[in-house]
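Two complexes follow with chain A in common, the first pairing it with chain B and the second with chain C.
Let's look at the complex of A and B:
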């Protein structure tokens, strides 16, 4: 057994008696009994619907076949999973989007009660013969994008839901107080109960509820819990944690549905947790059509894992974090807010550091039964240095690659301990590590460019690499404290708030602020990259040092000395200051929200905006239009979602893969960097467009079926080198068609797979169109995603850019200033990007404005009235509505 | 400097006397663990990279098989 950490925080979890006392405080608000079913070839053919309360229109939704109504407006019922749904939407993300479309209207906001969290495991989910088959897909309207978001997650909940008897779980409404939902998959009962006393942070709540609902310690392996965390209360980047019981560590583990703020919606509904219990997992529960096909495919992959993983990707030792140093070597590791693709200090956070010092080895870390890839790694006995659990030893789920790339290099932090610390707190608070890292990196760059200052950040010194300050920022965000709360709502929100309220004071108003704790705007330093600052983490912890007998002066002197020695940094902000508190100043007026936009730039004012999370009387100053435009260039978001952690500047296909992604820039639609940038296998626009069709469709397919992507191409068969298209890993694609046939009973091919995915992919495009996005202008990326936007970025790779200018663009760089060369490179790259978009839209059957054509809908069998109605006005306006009698029926 | 070239991953690359697959990989920092090499369409097994010479006009493909995101 692994030396587990749970005793360290047992006092937070509570004893068994204390936990059962919590349960006794529950008030049951509704109960429901359902009939057992037998899964037919992957489907139960019914879904579970729960409204946790509130008034909203359900007239467009599929009818409830059975239902019960509890107290406070709670409804529990069942809906049919029809042949129409299976044919058009397959399952998983397809089912989610179908129900979400029915639940919401074009103007539904993320916090409206009708917003629907839909969870579906997919028809192949739950098989144990083939690795990576325990995925759930989760959708809702996102707080950050106001569009449908989809996120996939491991853990046991999805398969248990299916084995309990449901293909889908829908959560709608808004409860009056904190509730939890308990699904007993063996006794066929569901209850909705108040949950007043359980913890909010997931690493504790998961333990409490596993203890509460399991019949014994061994029975905990039959429990899975969905929860969010405290971050969801104040940020837009709340995640859902799905637990599974790690019987070797004897503690719960967490897997995350991370992107787009689904946890924020979950908490907005006042759902504290959904708990499921199912006992009796075995390999045949999907009632597969041909188990022999499943077994044969599974054995092939298990053998590959056993023989080749250590020679290939080391997934079983370190999981996805194996690529941290590879990304650095190929100049793809996002560094300092995507300015650069690597850093000299990356070896400090390389995978072998985590393997040798932190990650417990030789533990089968699969997040569902039968997964020999076993990549859900964990660092045991990790001692925390900040926050509410400071000093405790905990189990950290991770790090995934995104933790290294995001919480490490992108924020300039090359200390594995700070990465693991942030990793832990992101998980237990319920924070999306990717968005958190990217939005923090944006705030850091704003700070270092002088767009915001130490007073704006309430004393947090946001220079690259200040791990202490970055973790403190997260604690502030979770606590709902001023600046942390602004950052936690995302880059798009930050840009708006900064534009309205942060900026340089005009000289004529400076006297008003004389003597106040205002730190002058610093000179921009971004073009002169600062060496990463390395605090001695213990020295940076003032409270600790004070307890050890140091006085403040000694502490500061030590820290400043450390900074000056290592970084040559100024010493005016080299410590974690307390938030500056301003009193009202004479001559600084208080203005309303309506006046803000018309207020002169550089003239200070107090805000009485009720949305303003500051209450410290700080005078605001509006940014100049130039400063606002500057933020648009390096704020790494699209459609309101933060970019994930890959540097895409040198890969046009990856720039498209990100910007054209329906939900926002997440790499799970298409990851083409090596095919494009390194291998140059897709040199023409048409080649790239084909890749940006095939790969997003194949990746969509995983989300329809309930499969993990990793066993597809993070292990490679030995004969793959002989394949005509090795990047597709054809032998593994055939494995997937075999397991599809094995469960569903129908043969599958590349062509039928692509169409199956195109139906849902195109549906999602029309869905975002319905919600106010989905046109070409919405697919526009920030400038930095295309290339160097600053002198510093250009100079860092000057030889490369000069060569490109001369050999590809045909302009001689000799004698040109760096500023001129940046303009030339960027103008060329914008033109390339627009040509790529043209090619991709054409390949996908969309208009040049990104609207799916009617002919495409007919071709893939998605010419259903609601979709046609949505695209029709755009197609007519753009002149793409087809003529001819065969189309007349669509014009009604 | 020679004006002879090879094609490396569909890009023009300068040729020089004695060029091998291994040298090409080293020069281009192609150090990933899982790479397929083809010269004029024919697979070159890994154990032959150090001794396989590349000649002017050759079409060399050094393909990284990378899972990634």
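Let's look at the complex of A and C:
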């Protein structure tokens, strides 16, 4: 055991006096005092509601039992957690989705004030006896999918919220300026305050607020902060960081609610942070029904970890990153945008490299008390090489497997230092490391296929493995710079923007542009004297800009320090203005003024589209339909969410696990690759469908209760292999039923657990249907997720594919070109995928179009009027509305 | 290093040590609340299980409620402890003890009360 090295970035946070001076600048906008409660078997039976301001319709929402109204439209109040909610939705993600449904309409946009960030820790959360019991579940309407997203996160906030007296925190509305919410769980007060001076980036902000609200250094263990980061200002992939105080390192640690852009919504509401303080944690605060069951189950797992972890997964030493080399070995490590499943250079980023060179080992590192799995880890005093913190030594919380697979192999970067650098910046900027990696890999492949070029990327050479350029891309994204901002919107937006603005020169412009060089946009030249810049009537719509309140002086001020060197262009004519975002001016081709006037009349050169930065900026290029179709094949997103970092193309079950996922392709619903592809335990469609029913339900259950999935199967009892269904790890499942009974006081079984999850899972399916998705066509994956779409991919597994063609498809591959063979394999796999979808929908009680049947809703007790109304037109259209008198009442 | 040392060959199985221990710390004569354990061997005789202050338990305590003093004795700060019981799972010899009635686990702190009452001379405090 070693004591941790203290990280040397303390002086960047500010002194105690400086931080308290920041606090003195806060203006309190609302305060609220609540009554203390005693938790009854895991529930407080009330929720905390905060609207941070703005006008919107709340008529459909549950009523506030008590409330106070502060300045600027801020409302703080309480709602009841009813028996109905507990019966139908259990808690955690179930409660989140319930409140979100009530808060939004079918057409609610992610940036509408009524969008609701709902955070709930679940009824088992906060117990200290069993590993992985400190999770919060977070939901809102996502900027990338426009659907409800759910994400789980460790850190101390969720348990503290519960111990303070609330099962749920709802954050609604939009504030006028940056605000901070402080919940004092011991003094039972809440305040909403302006927060003008604190940092935005989480590794600084978390420290500042821990210092600001703790009574002493020791008291920092009683503080948890939710924050996002600067990336949430401009990208759609902002995360929420939840802190906990690392007593050995004497610094905050960051755990992430990562998927779907919840941090972007948080910043859109102008919330800078939510801070909670609770002192007095102990194992009985949930008032459990039978503590003995908790103790016994907890100690059983603690002992397994103590005895077998080093022989099994080494979670205590390297956490989830232990599988980087395992995934490579089994052809599952996503490489070069999911083309391949491994790479000869993987040993350079194998787990032992991080263990030996970067990670501080042998430190109990759990994100909530009682986690003997302790899979968190950190690289201490890691020196950064790029960005605003270049040269500083920081604590990097990670790497998780996804960092290695995403920021490493998938973008072709086999340098552990770049992985850790990107890991750090993703966290502190508030960037979803998974989406960022997958969307970057997509941009890289577009670049290397020639679909976009160096001008489009603004000088960033996005070849595989160019770590410097990839980190620069992230800095551009965070700064809201042109191309970085496009990438930061996600693959679905990238595809649209690339199609509209990049690509080939249109025929009508060919003669005009012939022989003229493209402007090469290079690095910003900071030291260059800024030339006099005036609005150029040929390039900017001056009347519009002036009407918007911009004048020459403001433009000048905005481009200082951010001027692009524009080779070959006249300084006074080479810019296109962007309304509202003067962060960067975009270069245009070096064509003369006379020719500029030949641009389409009436096309202003400012953006009328908030999603993009140079709408209409280059009307002479557009992608061809073939190029657009090409992007669809390898853009690894579904429902607008980027795929997580496992190569799924050789496992049919996992292809379904991803594509049928309610929120988009994240493996937290099902990870069936080993069962399917390696161990061949689920050979038939029915077997796969059963697995794609049971495992998503079981994993949903973790999210209802406030539990982490890892202690379920990242350690296994030594006798597990002798179980009838070893993939389920029955002994650990029984542990969960024990702790459920221990807290709630009710016996649980596989059957009752599955129904509990089905209620929420089915609800979520109907929720996405309500929001415009949730039909079969929306579950269609990109072609690459099903198999090889290029010659290179085919050749990488030629022997396997040839054998498959001959033995399974019944076609002799001899004499066929690779292109022909790709077509044959892919046609077969699309057919297999469709058959799988049929089988899974059937098992889940859905129609062939993916709509939950009325009979299923009745069976699981979810025949709630709003749900029936949502599915009814679809069921009728498809011919699945049941006949019979017993159903007549549902047709009213 | 101060610690309690046991010579099981001298143990008569009277259980006095367990009673003294539980009484001293929890005011009850209950061997389940005793830090020292006396186990009857199947082949006859008794085995005394006592903490040797190895300190493995303290290494996994994330809130640092377990600390090893200069005299080598590992003590639990009950005010800091959150009752997670990781230390119980971590002890290879099951000598970090717990009881469902109690909010925190407990262990031998080499106080020597049991040794003083042991009539057979099986227990002693050593300081080396």
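The definition used in the following text is that the second predicted complex is superposed on the first by the 770 of 892 C-alpha atoms of A that agree within 3 Å, B and C clash if a C-alpha of one lies under 4 Å from a C-alpha of the other, contacts with A are read in each partner's own complex, and residues count from 1 in each chain.
Definition applied: a contact is a pair of C-beta atoms (placed from the backbone, for glycine too) under 8 Å apart; a residue touches a chain by one contact, two chains touch by 3 or more.
Computed from a predicted model, the values in this text were never measured in an experiment.
Colleague: Looking at the overlay, what does A:301 touch: chain B (first), chain C (second), both, or neither?
Modeller: The second partner, chain C, only.
Colleague: State whether A:56 touches chain B only (first), chain C only (second), both chains, or neither.
Modeller: neither
Colleague: Output check: A:830 vs chain B and chain C. Expected answer is one of first, second, both, neither. What do you get?
Modeller: Touch status of A:830: no partner.
Colleague: Mind working out whether A:721 is in touch with chain B, chain C, both or neither, as first, second, both or neither?
Modeller: first
Colleague: Is A:365 in contact with chain B, with chain C, with both, or with neither (first, second, both, neither)?
Modeller: After superposition on chain A, A:365 lies in contact with chain C alone.
Colleague: Could you say whether A:881 touches chain B, chain C, both of them, or neither, answering first, second, both or neither?
Modeller: Neither partner.
Colleague: Check whether A:221 is in contact with chain B, with chain C, with both or with neither, and answer first, second, both or neither.
Modeller: second
Colleague: If you lay the two complexes on top of each other, which residues of chain A touch chain B in one and chain C in the other?
Modeller: In chain A, nothing is touched by chain B and also by chain C.
Colleague: Please give the residue numbers of chain C that touch chain A in the complex, ascending.
Modeller: Its residues touching chain A are 59-64, 81-86, 88-90, 92, 98, 100, 103-104.
Colleague: Residue numbers of chain B touching chain A in their complex, please.
Modeller: Result: residues 9-11, 29-34, 36, 43, 61-69 of chain B touch chain A.
Colleague: If you look only at chain A, which of its residues touch chain B in the complex?
Modeller: On the chain A side, the touching residues are 311-313, 323, 326, 329-330, 401, 644, 646, 667-668, 671, 673-674, 678-681, 683, 710, 712-714, 716, 720-722, 726-727, 729.
Colleague: Which bits of chain A are touching chain C when the two form their complex?
Modeller: 1, 128-129, 221, 247-248, 281-284, 291-292, 295, 298-299, 301-303, 305-306, 362, 364-366, 369-372, 374
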